[in-house]
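Consider the two complexes below, in which chain A is the common component and chain B and chain C are the respective partners.
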Partner chain A sequence: MNLRKYLKVYKKFLHTSLASELEYKTNILIDLITAILSLIGSIFLLSIFFQNNGYIGGWKFEQALIIQGIYTILNGITNTWFNPNLTEIVKHIREGTLDFVLLKPIDSQFFISLKKLNPSGFLEVMLGLFLLLFCVRINQINLNLSFLTLSLITISCSICILYSLWFFISTTTIWFVKTWNAIEVLRSFLYIGRFPLNSFSFSLRVFFSIFIPIAFITTIPSEVFLGFSQLWKILLEFIVATIFLITSRKFWLFALKFYSSASS
Partner chain B sequence: MLEYRVEIALWAISGIIPFFMLNIWTNNNLNESINISDVMLSRYFLCAFFVRQFSVVWVVFSFEEDSLMGKVSPYLIQPLNPFFRYFAQHLAEQLTRFPFALIIAFFFFIFNPESIWIPNFGILLLSIVSTFLSFLIQFLIQSIVACLCFWTEKASSIERLLFIPTLFLSGLLAPVVSFPDYVKSWIYLTPFPYLIDFPANLLSGNEANISGGLSMQILWIFLLFPLFKKIWSEGTKKYTAMGS
Partner chain C sequence: MVQNIIDVRNLSKSFNISSKEPGLKGTIKHFFRRQTKSLKIIKDISFEIKEGEIVGFLGANGAGKTTILKMLCGLIYPSSGSILVSGYLPFRRKENFLKNITLIMGQKQQLIWDLPPIESFYLNASIYDLDKFEAKKRIKKLSEMLEIDEELFIPVRKLSLGQRMKSELLAALIHEPNILFLDEPTLGLDINAQRNLRKFLQKYNKETNATICLTSHYMKDITSLCKRVICIQEGAISYDGNLDLLLKKLSPVKEILIVCRSEDDAIKLENSGFTVKNKIKNEITIKIENSSITSSLKTILNNFDIEDLFINEPPIDEIIGKVLIKKDYDI
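And then the complex of A and B:
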């Protein structure tokens, strides 16, 4: 792996995709309004849950807001990178243009995962960061170095898990060709990440920690923010993220063996 | 449509968010404060799932793709409004989705045997009508948005924007009864509660104002239909085929 080469190529990717996306300026504005409205909507929903209850699954309203903040950041990242790129895999495979990707003297997973970029997702990430900062104030969390590193580590692990889930589902296109609906299923499951895991019944909790590790994606980082996360959970999240990344990579290489271009 | 069984099954699964919401409601005893029993609430969310399955609309995405690919031009020559084509597609897919929805309902009843109920025939008929009306409202709204494709290339982002209030205010995630008063005071004037909350309440046997709800649905259809006709005729005048 030649890191310098990849950095240089990524710079070019950034440049071209920003240039093409900025052609649709009103679109970016509409996407921003959508992100703001959807955040307002989920806070509204939370406020309904907390109308007559002080606690949901052991979380106070102010604490549950942290989960919303982290979810918004992760959703922004999904919209910036994962969604525009990984839905493109479907197109590549259907139209046979994956051939050209495979022929390039660069890692195919790198190319396919980072080629495009949707700038409106950035704004959503910012929105989530503002909400998190606000939560830090109302929950009186004192920021120090160890807290910051721990939360950064857990959030990056969440991003890795999320990426692997998306990549994994998109890779199955090689066999099934159309996976829009599988992505919709993933999206609707990820929606659960907006709420604390403890507010679900035991069976769902097990399901969302083992089969689709949504628990790891938002709940553990939020617990780190509140300072009541145990070390073993953070370690576990790290291990899960590593396993997911490695498996998704292996799965991609495995799937490529079955790729036989379009109409062949 | 039957060729895409797996897809449609997956799509049916992607609609199960109401069940997760139900889980939050009952697991935290949130329903006590709004005076709905566990059983009634679980029926409500099951019905919300059903109504959503049979009123989901995606015409704007199909139309956007067709118009970007230049497929709209041949449609325009045909003596039939192309939206009939999409309308028929939606109806066909709803029919194929029915068995999958039934399977999901079957599993739901296995886990919640106490919430089994059989609505009487009249109510069932009325709720089918109101679900269909809800589908019509959503189809009209989305067709209006789809017509914006004549002016802008990406009408689907406007649709995504409109989807947010639909998601939160239609009763898919929480019954409208549970909303705070400052929202309830104006929400019944908007089309949103008639999309899912009203048909679901009707079907599940929760409190519903039958005549009021149905007439509001019809009123919205009568408001939206001329608007669609207007924007369609304006749009087709404006239309120039791709590459001209």
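And then the complex of A and C:
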């Protein structure tokens, strides 16, 4: 893979996406307001849960805010990259415009996963980061190198898992043509990630860890923040992320063999 | 000797297609127990195309023309048979193969809707690994050939269909491919835009010796661009060869309307042995075989007092239409 070429193309993707989005200023403004209101709403909801009981699943409100911060960052990344690109796969397949992607001398997964970008999602990422910084202060977390490295690794793994899940569902469009509903279900499950894994019953914990590893996505990075994460959990998240990423890639290449293109 | 750039041998393609009975009962049945059957869309076809050739694929809707084009450019896997395009197996979609080809579809677009076409051109240039200077040079050259200038800087959504199609062509040709697959490129364009597009394709073929495979329902596209046509009937090739020869075969006679000076001359002409279609006063329509048209006209002009003469070419759409509609048309 020619890395220089891919960086050059990605620079162009960024440029064209920003230019496209900036054509509609009001839309960006509405997205920004929505992101702020959504964060305020989530924190308010969380505070209601903690109103009568200081702890949920062994987590204090201040600690649970870390999960909210990580969730906001991940949701921001979803809105910046996954939502504009991966929902487009369904459109590409239904309308047959995937033809243009497949005939370009560039990796098709790279192209359809990163071509678009929604800048308003950045604000959510920023809001999430600010919330995390605030949590670092109120939870008196010691910011050292190993902590930063582990946080970065676990959050990156979370992004990979989330991306792979979404990409996997979108790929099935090649056979099922319409998969909007499945993506909506995934988004709904993602909301679960706003709460600590321990706050759920045992059966739900198993479900959200094994079948749809949403819990991994926010809980493990949050545990790293609070310094009570175990190494095996971090390793497990890393392994799960790697398996998901490789599987989604293989699945895409396999599915392309069944792509019949839309009729003219 | 000109080399074959496309070589297709015993190519077949089947698709699983589901069918549904009408009504609510049919819908419920279709939802729970979908019945699919394998349909052979392309049936054991073979052909070669030489470098620099412009070949038209003719066929009724659903005959399989687009499926053939999509297999040639590597979008669809063939069920059986072999395809070699420029020495590559298309469905492997190797980088060097993709840099050699392009697909233009009249009904689909790749330009970024909200931005001026120039942005899509530079994006494509970076995908094809062209530096900015080279991309600029090619955009200038192609925009001159396509006669577009200001349109390059206007958002795509504000362009007319003709301007958009020209921009689509530029985006698809920025990497200077030597094989062009065109699927109904003039669809929906007005007469002038169609003519300009054809002129451009002729020029592009002449200047670059690019091979062009074209499907179109507009016969003018085929007649003005293609010397050779491949007729597809229900997934099989019913004719592969020279277009003029096909037309001569399908329409061996021409109708000639002759306006004589007097009705007497018309009667004399009627009784002179020509096949008469009809006669109204001094106007007589006769049928003459293509092979003897020159000698027959000479005889008529020398022996009869003629005021005017019209040769009626049967409309090409009608002739080709016969081939495409009739199942067992003998070509």
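Here is the rule we use: the second predicted complex is superposed on the first by the 263 of 264 C-alpha atoms of A that agree within 3 Å, B and C clash if a C-alpha of one lies under 4 Å from a C-alpha of the other, contacts with A are read in each partner's own complex, and residues count from 1 in each chain.
Simple rule for what comes next: a residue touches a chain if its C-beta (ideal position, glycine included) is under 8 Å from a C-beta of that chain, and two chains touch if they have at least 3 such contacts.
Because the structure is predicted, anything quoted here is derived from the model rather than measured.
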- Identify whether chain B and chain C fit side by side or clash on chain A in the overlaid structures. fit
- Does chain B (first) or chain C (second) touch A:Glu237, or do both, or does neither? neither
- Message: On the A-aligned overlay, A:Phe176 touches which partner chain: chain B = first, chain C = second, or both, or neither?
- Response: first
- So, does A:Val9 touch the first partner chain B, the second partner chain C, both, or neither? second
- Query: First (chain B), second (chain C), both or neither: which does A:Phe44 touch?
  - Reply: first
- Task: Mind working out whether A:Glu124 is in touch with chain B, chain C, both or neither, as first, second, both or neither?
- Result: neither
- Query: Once the shared chain is lined up, is A:Tyr259 touching chain B (first), chain C (second), both, or neither of them?
  - Reply: second
- Task: Identify which of chain B and chain C touches the larger number of residues of chain A.
- Result: B
- Task: Tell me which partner A:Tyr191 touches in the superposition: chain B (first), chain C (second), both or neither.
- Result: first
- In degrees, rounded to a multiple of 10, the angle chain B-chain A-chain C between CA centres equals 90
- Who does A:Glu223 touch here: chain B (first), chain C (second), both, or neither? neither
- Note on the structure: Across the superposed arrangement, the tightest C-alpha approach of chain B to chain C, in Å, is 6
- Residues of chain A at both interfaces, chain B in one complex, chain C in the other: 24
- Parts of chain B lying in touch with chain A, wherever the complex brings them together: 4, 6-8, 10-11, 13-17, 20, 23-24, 26-30, 32-33, 152-154, 157-158, 160-161, 164-165, 167-168, 173-174, 178-180, 183
- So in the complex, which bits of chain A are touching chain B? 24, 26-27, 30-31, 33-34, 37-38, 41-42, 44-45, 47-49, 51-53, 56-57, 176, 178, 180-182, 184-185, 187-188, 191-192, 195, 199-201, 204
- Item | Of chain C, residues touching chain A in the complex | 15, 66, 70, 73-77, 93, 95-96, 98-99, 101-103, 105, 107-110, 112-115, 119-120, 122-124, 126-129, 155, 183-184
- Item | chain A residues touching chain C - in the complex, by the definition given at the top | 2, 5, 8-9, 11-13, 15-16, 19-20, 23-24, 95-97, 99-100, 102-106, 257, 259-261, 263-264
